[in-house]
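The two complexes that follow have chain A in common; it is paired with chain B in the first and with chain C in the second.
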Partner chain A sequence: MATTESKSEFLVRRLGHFTVAFCALLVINFAIPRVMPGDPTTQFVGPGFTEEARQQMLEQFGLNEPMWEQFLLYLINTLTGDFGLSFSRYPTPVFELMMERLPRTLFLMGASVSLSVAIGVPLGAFGAWKFGQRQDVLITQGSLFFRSIPTFWLAILMLFVFGYLIPIFPLGGVSAAGTEYTGLLDYLADLIYHSVLPIVTLSAYFVAGYTFLMRASLLDILPENYITIAQTKGLSDREVLFRHAVPPAVLPVITQLGFQIGRLVGGAILVEAVFSYPGMGQLMFEAVLARDFPLIQGTFFLLTLTVLTAMLIADLLYAFLDPRVGGS
Partner chain B sequence: MTESELMNQRSAPSDEPILSVEGLTTHYETDDVDSVVQAAENVSFTVSRGQTIGLVGESGCGKSTVGLSLLRALPPQGSIVDGSVYFDGQDLTTFKKKEIKKIQWNRISMIYQGAQNAFNPVKTIDTQIREALAKHDVVPKNQRRERIEELLQKVDLDPGVADRYPHELSGGMKQRAAIAMAISCEPDLLIADEPTTALDVVVQAKVLRMLLDLQEEFNFGMVVISHNLAAIMKVSDDIGVMYAGNMVERSSAENIFEDPQHPYTAKLFGSIIDPQRPPKQVENIPGVPPDLRNPPDGCRFADRCDLATEECSAQMPAFEPKNESTEHLAACFHSEEVSR
Partner chain C sequence: MSKTEITVQTDRFESTRELLESVKRVLIGLLSNKKGLAGLTLVGTMVFISFAAPLIAPYDPEALGIGPRLEPPTGEHLMGTDDLGRDVFSMFLYGGRISLTVGIAAGIVATVVATLIGVPAGYYRGRTGRWLTTAIDMSLVFPPFVLVIVFAAYIGSTVFNIIVILALLSWPIPARTIKAKAISVRENEFVESTRALGATDFTIMKDEVLPNVLPVVFANGVLQVVFTILMEAAVSFLGLGDPTRISWGTMLYFAQTEGALSLGAWWWMIFPGLGIVVTAFGFTLLGTALDEVLNPRLQRRTWGWD
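What follows is the complex of A and B.
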């Protein structure tokens, strides 16, 4: 696969994609509340406000100004992290609400991705290596099962079994606000304790996905000439698998990482809701129920930005790992 | 046998053939448990050091199967079911996996068909040649780089190619690098499976020239597989003609060309007027070879042969000396009638 594109050109191109997508996000996030049925003021300015608060709100959002000025103001506000004040928790700034929740969601998603890659990739590789044998069949069937069960159903099942029947994990949430932590380790231990069930639930689907991907990818690689040659050169089966077959086979899996992030966010919202895990997903869920528009806008923006960034990172990782992307 | 004894034998000049294949029969299992692909049946030939045998024949006639059998590097479905492969006096078919790993690449090496994919796309050429050097401990660690650059220069590549990735090389460069990797442990026998296919004519000639030069330098025996008749004529001392898993004729290149004893050979080489000129391809004979899962009992070429009689389809002709010469063998009842 010869390519005329250099590595830096590739990076510039991908950053360009990112920028375009980011601009689209800015526009969509601005437009959605304004094109939704009804006057934007009725959506942005909740009915429970005094006339004074209402005027103050309109001022703050600049909703009396012409559209282009509104957009400019919106741009400045968004880019400086000012998403306004939450309606449902007035007058807490949306930004503050999100910053409290974001780390938990990033932890949940990061841990789920790491766990599912760490389990799925070796499992898929092992399945391909034992192609058609008992181990392979077992892995394939198992993955198929986990990929078929709905996430919310698994979430409820997990909660029922490990939170209620065998109560080794908490039924949900994180430690009550104001809990004193003796240190960072203590905080992390508590976070992990409360995150185990959500992480496992969220991972189940993705483990299966990465297992399938890796298995298929490796099966493509195994008949290649260079694998046979590595064998006859004197490398052991294990060396052939790990030095020659796995490295080119994980590359397609990495490209998939980026694409799967979108699903991951969807899954996170669901899992957070079921486990009452106070992350971004739950916050968005609550915001929708409360018709808290500034909060909806804020969470939508941040979650989408997370997806875009994750895809960018996956691409950069791919470019870094695959020598065929861009000449040196 | 110890390592040093092996080394001694390697350097001893001898008229004894380095390789002697006797009645090699290799089958592939198929998805259908009741049928096997009889890809090579009763194939025999010898190669001495510094000598080259060329294997020719249509696509699917078992050339690569023979090559891979010599190296004991058949895919999992394939196995040698009969015959012997004597290499340096020992029958490789009796070797255990561990023993054969010491011979592979170190003493018998192969340029695989499809050398364009001989290298892992995510590893440098250096890494991949180095593995062979390290596995067989051919040169001390601190001299390996030097050795790799030397090898690359031998195949007319810039030593800097070592640090490149396969996709950065042209087809011809990859082929050369694959040759460098194949000779990295200075083998006694080199199997070159279609070393020039996928290359343009000018590069083909250069690569062939290079193989001969390397053979002169290292004095290895060579088995060259190709359907390019001109290429085979150019490099081979002997030629073995294969048809549907059988070796149907074997002799010196000159005899095969001037005085064929098998109608298939005659058809094959009849289309070359001058061996120095680019030939027609092998695939020009009307009809198709038989299905190797269920080959006919008699001569496998019978239904495409102008000379075939009832005898031919009833019975497999013996592979026997022709023309009072023990060096010219063919499997045909009608050798006398064959003419160019």
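What follows is the complex of A and C.
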């Protein structure tokens, strides 16, 4: 489908989407603790708080003030990264807890996306090339099956097989207790060693998604005239596939990258919970179990913001790569 | 007056017969489709054994000390026992009821909401259409599972709450597909001619657009159940499910928190998980087959984009 808008129009529209979604996120995050049943102050002031800390929280979030004032204070607090104090790890600020965990989750998600694209795109292309044949049917059915496996259950299976039965990978965490590292390389090697199972588990679900997308996308391209022309010009199958068919077919897959990130975050929460991987997901999981409301809100805000940003990046990538956006 | 009533009556009779005819056609189509047959078999089996649980289950699923603690599968306890000596097989059968009920109910509600929003979003060209489309796009942006966790944590998780939360957070994806179909339907001549005859927008949507969108709605609805079943399992696994009702997800939650893996009690974790996989895969096959039968030319687009 040809786009009629220019590249800058496309970017402005997408930036507009991002802004509206960001504002919606701000409002939702403000509203959740205030519209839920119960006394809203109990969602900012934990049972273990000192009287002084209690007064400070009431003051900082303006809980005795009218709504509009609370909202202004909330905006200032949120935009300056102040999410209050954690109940379960009182008196550590929520922001501090999150900043320690966020990089690990970003690493986990980044590695999983790369791995699933690296496997899913070629697999989908192969399926489309062999359309209707045995290999294609196998790939399609296999993907459908993989999408029916709950991520957390797959994580348990992986842990059972490669942690207990054949103990080649650690049972969880990112480092063994009391490990001292001699250097950065040493640290990275240990991090990767601890991340193999979580990354593979998280990728399994998404490989299937990318396989489907790539297959469908290539099937749309293959009947096009220029492919037939390339074939009749005597180019080999491989040349036609990789030079003329695959590059345009990858584009729609990129637009879907953003939407997949939303589910990836959900998967990360579950995988981190099973592998006790100290990232944002596990932090949210712990926060929910402890009913640590400031931490639940903080992790919700930051995880959603991560998704919004990832979608924006996917859009920018798409605009940058697709010649039809803002082309001739 | 009486004349019109009679016409209405025959119309109804006609449409009931037509409906039965098309249901029969779809069923035949599904049964002669390999995926459809496999999907119907898997889903049918799981639904049957779950809802016939009181007849099949050898023990009371909640009775403690029915067998020895943590016993591997035997002839007496087909799926072994848990740490409190409960029979895993009986729990599996009863657990399926909750998992299936929540998944199917939430899937249906989500599909209804998706239709109520998707059809007008596709049908209206002007401001209404744009607003509804923006609403769908914005809702798509939010990571559903993160929201489910937040809501479940704040509202508290009874079975009813979980159904409502899952339904209200999973409608945007089918809504987008239904909207796309509604756009293609509204371009048809018969829609224009009905409008020219003076029909209201509501009538056109109800009588012309909706019937043509229904095939997409049904196929997406079945696939939606896959999503809600997996979400229910995940929510319960995190300990946010209804603690008073056993579902496959809550079974896995207890197995995980009691350290089933380090105890080597694989049966405690394998069977509930298999229940979820078989059910989800069955619904996936059924939904895909339904899509192939109802929307023959659309099939490659099931996983498509705008």
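Points to keep in mind about this one:
One rule holds for everything that comes next: the second predicted complex is superposed on the first by the 315 of 328 C-alpha atoms of A that agree within 3 Å, B and C clash if a C-alpha of one lies under 4 Å from a C-alpha of the other, contacts with A are read in each partner's own complex, and residues count from 1 in each chain.
Basically, contacts are C-beta pairs under 8 Å (C-beta built on N, C-alpha and C of every residue); 3 or more make two chains touch, one makes a residue touch a chain.
Keep in mind the model is a prediction, meaning the values are calculated, not measured.
By the touch criterion defined above, A:I229 lies against chain B but remains apart from chain C after alignment on the C-alpha atoms of chain A. Within the superposed three-chain model, A:L308 lies in touch with chain C and out of touch with chain B [touch as defined at top]. In the superposed pair of complexes, A:R13 makes contact with neither chain B nor chain C.
Contact comparison for chain A: of chain B and chain C, C touches the greater number of residues.
With the contact threshold set out at the top, not one residue of chain A is in contact with chain B in one structure and with chain C in the other.
Residues 134, 137-138, 140-147, 149-150, 152-155, 226, 230, 233-234, 237-240, 252, 256, 261-262, 264, 266, 269, 273, 276-277, 280-281, 283-285, 288, 300-305 of chain C are the ones that touch chain A when the two sit in their complex. The part of chain A that touches chain C in the complex is made up of residues 17, 20-21, 24-25, 32-33, 36-37, 144-145, 147-153, 156-157, 159-160, 163-164, 209, 212-213, 216, 219-220, 252, 255-256, 259, 261-263, 265-267, 269-270, 273-274, 284-285, 288-289, 291, 296-297, 300, 303-304, 307-308, 311.
Per the touch definition, chain B reaches chain A in the complex via residues 71, 73, 75, 101-102, 104-106, 110, 112, 114-115, 117-123, 128, 131-132, 135-136, 165, 167-168, 181. Every residue of chain A that touches chain B in the complex is listed here, in rising order: 1-3, 224-226, 228-235, 244, 247-248, 251, 321-324, 327-328.
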